[in-house]
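Quick one: the structure is below, questions incoming.
Letters are used for the chains, namely A, B, C and D, taken in the order the chains are written, and counting of residues starts over at 1 for each.
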Amino acid sequence: MKKIGVFVCWCGLNISSTVDVEKASEELKNYPGVFYADDYKYLCSDPGQELIKKTIVDNKLEGIVVAACSPNMHESTFRAAAEAAGLNPYRVEITNIREQASWVHSNKEDATAKAIQLIKSTVEKVKKSEDLFPQQIPLTKKVLVIGGGISGMTVALEVAEAGYPVILVEKEPQIGGNMAKLSETFPTLDCASCILTPKTAEVGRHSNITLMTNSEVIESTGYFGNFTVKVKRKPTFVDWKKCIGCMLCQEKCPKKTNSDFEHGMGKRKAISVAFPQAIPYRPIISEKECIYFKTGKCKICVKVCPVDCIEFEQEEKIIEENIGAIVVASGYDLLPKEELGEYGQGKYADVIDGMQFERIASASGPTEGVIKRPSDGKIPKSIVFIQCAGSRDNQKGRPYCSKICCMYTAKHAMLYKHQVHDGEATIFYMDIRAGGKGYEEFVQRAIEDDHVLYLRGRVARVYEEDGRLVVLGVDTLSGEQVRIEADLVVLATAVIPSIGAKALGQTLKVGTDTYGFFNEAHPKLKPVESMTKGVFLAGCAQAPRDIPETVSQATGAAAKVITMFSKNHLVSDPQVAKVNEKICVGCLLCKPICPYKAIEPEIVEVRVGCRAEKRQVATINKGLCQGCGACSVACRSGAMNLSGFSNEQILEELKSLCL
Amino acid sequence: MSVEFKPNIICFACNWCSYTGADMAGTSRMKYPATIRIIRVPCSGRVNPTFVMKAYQKGADGVLIAGCHPGDCHYNSGNYFAKRRFLLATRFMTFLGIDEKRLRMEWISAAEGVKFARVMREFSETISKLGPNLRAREEA
Amino acid sequence: MPTKTKTKAEIADIIKRIELISGENIYKCYQCGKCTAGCVMAGEMDISPYKVIRMIQLGLVEKALESESMWLCAACFACRERCPKEVDLSKIMEALRVIQVRDGKPLIEPEEVADEVIEEMPQQGIVSAFRKYN
Amino acid sequence: MKYSYFPGCTLHTQTKNFNDSIKITSSLLDIELEELKDWQCCGAVYPLTADSTMGLVSPYRSLQKAYEEGTDLVTVCSACYNVLKRTNFAVSNDAQIRKKLSEYMDVDEYAGESKVLHLLEAMRENKGFEKIKEKTINPLKDLRVAPYYGCLLLRPSEELKFDNPENPTIFEEFINSMGAIAVDFPNRIECCGAYVSITSKRKVKGATESILKSAAKRNADIIITSCPLCYHNLAKEQEQLVQSDYLFKPIPILYFTQLLALAFGIEVGSCGFESNRIDARPILKSKNLISGGDAL
């Protein structure tokens, strides 16, 4: 039997006024297994802690029970004291006789009896306790950032500046993401590329950042601190190392096609760079459109290239990297107009979405910033903006608020009015959500100074009549049905997770919600962590948000990575699950239950009688396990247990309490 | 005349919400009967139905499982497992002839000290009315 | 006979009746007005369709019942088709009609309809009208 | 393909021409329609009350019978289609309603095993539009036909699944297969005011007028429909419209199968044009689709 010490705290009068602490310590002295028991005024005070330390050393105690306040208050204090005295801290357990006895009961006799029983049960728990040691986990100090938009770039720059290597993977040929497509930004109306370009340039030249554009993460294995990822580098058909970015190829290429970057508002060549400030400023050949790939003839780009860097035979490459942490910054897309039947289902050229409007309003866009409508290039005399197009709409399966539309729509209307003074800008809205610094003022400016007409209500239908678009809406403030003939309709379509986010989540083993946004580990306290340890989230990958919020969150994610990398190795809490391999049958019922994917099968050699046998068992990744214990309940053979809250400990506690 | 029946009730409380809720009841000096003994577990999902059955076997008159509200679980899904296991345990109790009112499950958050105390009072009353549990008990 | 203003309990009772008959949760409506924006009869109604729901939400059920909006609803389901909150307004309108009819206040009696109308109207139209109005 | 056929009250009385044209044309498309024995009126409107299922008894009875016959049920009138299909949806998704109805009527429980099809859907299912193309001997060249869907065919789409509720195409396919030009007019999916016209003709004026004007704007020669009530409202409104708006030229309203009969080269006398409210024959004649001597 272990030598156990029991310390009962008076907590001044807090405990002692309702619980007879002297009686308790006296009674515990005679309890089996208890070698020492005493009471003290304030155990958490320095002399109190010294008393504990001295008693442990003097009596060679093998476990102690501190009957005091809630373990949430001082468990770590007393465990540290014990450790200083050479006792394993996990041999220390707290009995809560303040919050659970003295403070909630008024009858001294009852409270004392209960306290004594609680202490006894804790003694029983300590009898079953074991030495536990935190495990050191090696750490690769290199981060993988997925997504090269404003959030991914922010993370990359922060971590790189802190001195750690960064791999930035972007699926498009250039970085910049959606922000690179924006015209001007609310609420300041500063041009998006003016604030973005210095960032992209810095990312491009930073010595700690390895840029992998036109690439995708296709596999991730390992865990917290020790991931191995595979990145697919799609062919660009141009040797970017040799290329000098003269863009003669683009100039001479005979094949024109619709530009994805321009969202159908402008054209590009079959060999092209998306926009003039693109980083890297290197062209890529689109296999789908290139004449050579189709017919085997042309090769004009080859002829004009001064450095001979066109490589039609280039193939995709898979690159493997060891990294310590992952930041998902995969961004957003917009709900396709084709899903909005009542707004024309994409069949009207002059019904466009917010991003398309950004392109025609952008100084570097296809119209050089002159707002012209796509069908005939005329300057619209009347524009109707429809907010909540697909957002806040259960029927369309998107009941959430897309958060950015109220502000960008106000901005769109403002930009238009600044260009076309006699033009009519009408906005259909449901609520104006302008919570943000300077946001409400911005909206009011649009209304007061620029005379943008806000109509409160939704639009039922948009259709074409006599070359104009007819918008059937309502203004619920006046109660009137509204019929507006417009030259251009701009839909503030719902923000949705970027296409492929769900698949990326599966690759990384990170959960996504119903809509495909990545789940944070805790909605309040862990907004940048995912449920998978070592994987962090930034920007619209997690939920719709605007640029300032994205940058804040990305900086937070970067701080998390930097904190993680500031240590030489990672330490894991030893109160995690453990498997008794002797009795584990390898059924792996525990595996799907684990919210952290910490359980994997393993083949082990076990001795059965006198021969060795290979058998599948469950194994715990101590780096991933968070110690919830759900697996231990699912285990049929009882092989799964939880250190610190083991089956034996709980059962002993229980038995003692039931007496 | 027999002595007044004082029920013996075990409460499994998850560390993150309900145990902290109990602390809250304490710091707010809310009163509830001394019939309840709390066992701290990391998560309500840690509570094995065997523990519950063991409690009845060893002489408990009632068992309460308290966890985080749906969606609030520190470990994301533990309270959902707990709920399912609770339903299972209830059915098993019916099978054993133990009144299913002797097992209760509650979502109590760290801020709900008031609720914690109320639930303790209610449950203690329920069990007092039911009287001692004699089914499945190891020794008479 | 002068109408008495209804008590709180009576109003709550009517709201419950509306919810029971329609099977719809009237509190789901967030007043976006999309129903009204696309309603071909809204222009003729004294109370717009979205306002009918608002009246019920606010407990002004008497106003909603007195209005002729429900009798003008042609049950074309355009509102239901487009409602972002999936509230079936056609069922709420039906509930209002049904309450009036069940309480002995139908819109029309067969003998009130002109012979000429009966002559011209397709049977389907006559049946529809009497199913809705009487 | 053999189907049970539910004509509905109006097709058996006021709009016999519709019924006749269906019978002539469907047989040519290998769609064999056998009238459901002892069918009774569907009730014309689907009951929208959650607390009473009485209104479902009659349509349930017809559905149950079709099931006993072992066939799917075809109907043409938009109202019948709406009521029957929604009832079928309800009984296949709601066991309680099903149980209540079958117990009340003392029949075997029917859980929506038979399909309810509009004739157009039956055509689509049987490659009907290709067959129309093949069998059209009198292509309706240059005839601008505006398809009026109305509401009851399309909505609620979740239950009817007839076509895309905002941008339907099935009528257009039908029109094109006869060699005619389908006129795309925005009001083709809007309601005509339906039964409201029984009490206040004036109040449905707005609804019907905008449909007619929208079709007129796109130079429609003919409007086709499958709903007798829409037919009535649209035709009746024109009597007023020609008086108030001297620029408005009447547009004949036809049942869609009447045009099909014409395209199939069926004798004009059997197409039922003589009983249409607005005579279509002059316009058809002007497009050389019927000869001068015929019936005029």
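For this structure, a couple of remarks:
One rule holds for everything that comes next: a contact is a pair of C-beta atoms (placed from the backbone, for glycine too) under 8 Å apart; a residue touches a chain by one contact, two chains touch by 3 or more.
Everything numeric here is computed off the predicted structure, so don't read it as measured data.
Of the two chain pairs shown, A-D and A-C, the one joined by more C-beta contacts is A-C. Taking the mean of the C-alpha atoms as each chain's centre, subunit B and subunit C sit 50 Å apart. Between the Cα centres of subunit A and subunit C there is a gap of 48 Å. Work out the mean CA point of subunit C and of subunit D, and you get 27 Å between them.
Within subunit C, contacts with two or more other chains are made by residues 43, 78. Within subunit B, no positions touching two or more other chains are listed. Of all residues in subunit D, those touching 2 or more other chains are 165, listed in ascending order. Per the contact rule defined earlier, chains pair up in contact as A-B, A-C, A-D, C-D. Within the complex formed with subunit C, the residues of subunit D that make contact are 8-10, 13-15, 41, 43-45, 47-51, 55, 77, 79-80, 150-152, 154-157, 165, 190-200, 203-204, 206-207, 210, 227-229, 231-232, 236.
Within the complex formed with subunit A, the residues of subunit C that make contact are 30-39, 42-43, 48, 50-51, 78, 82-86.
Those residues of subunit A lying in contact with subunit B across their complex are 70-72, 96, 98-101, 103-107, 110-111, 113-114, 117-118, 121, 522, 531, 575, 593, 595, 626-630, 632-634, 642, 645, 647, 650-651, 653-655, 657-659. The touching residues of subunit A, when paired with subunit C in their complex, are 342, 388, 392-396, 430, 456-461, 472-476, 479, 481-482. Considering their complex, residues 341-342, 344-345, 347, 461, 463-466, 470 of subunit A touch subunit D.
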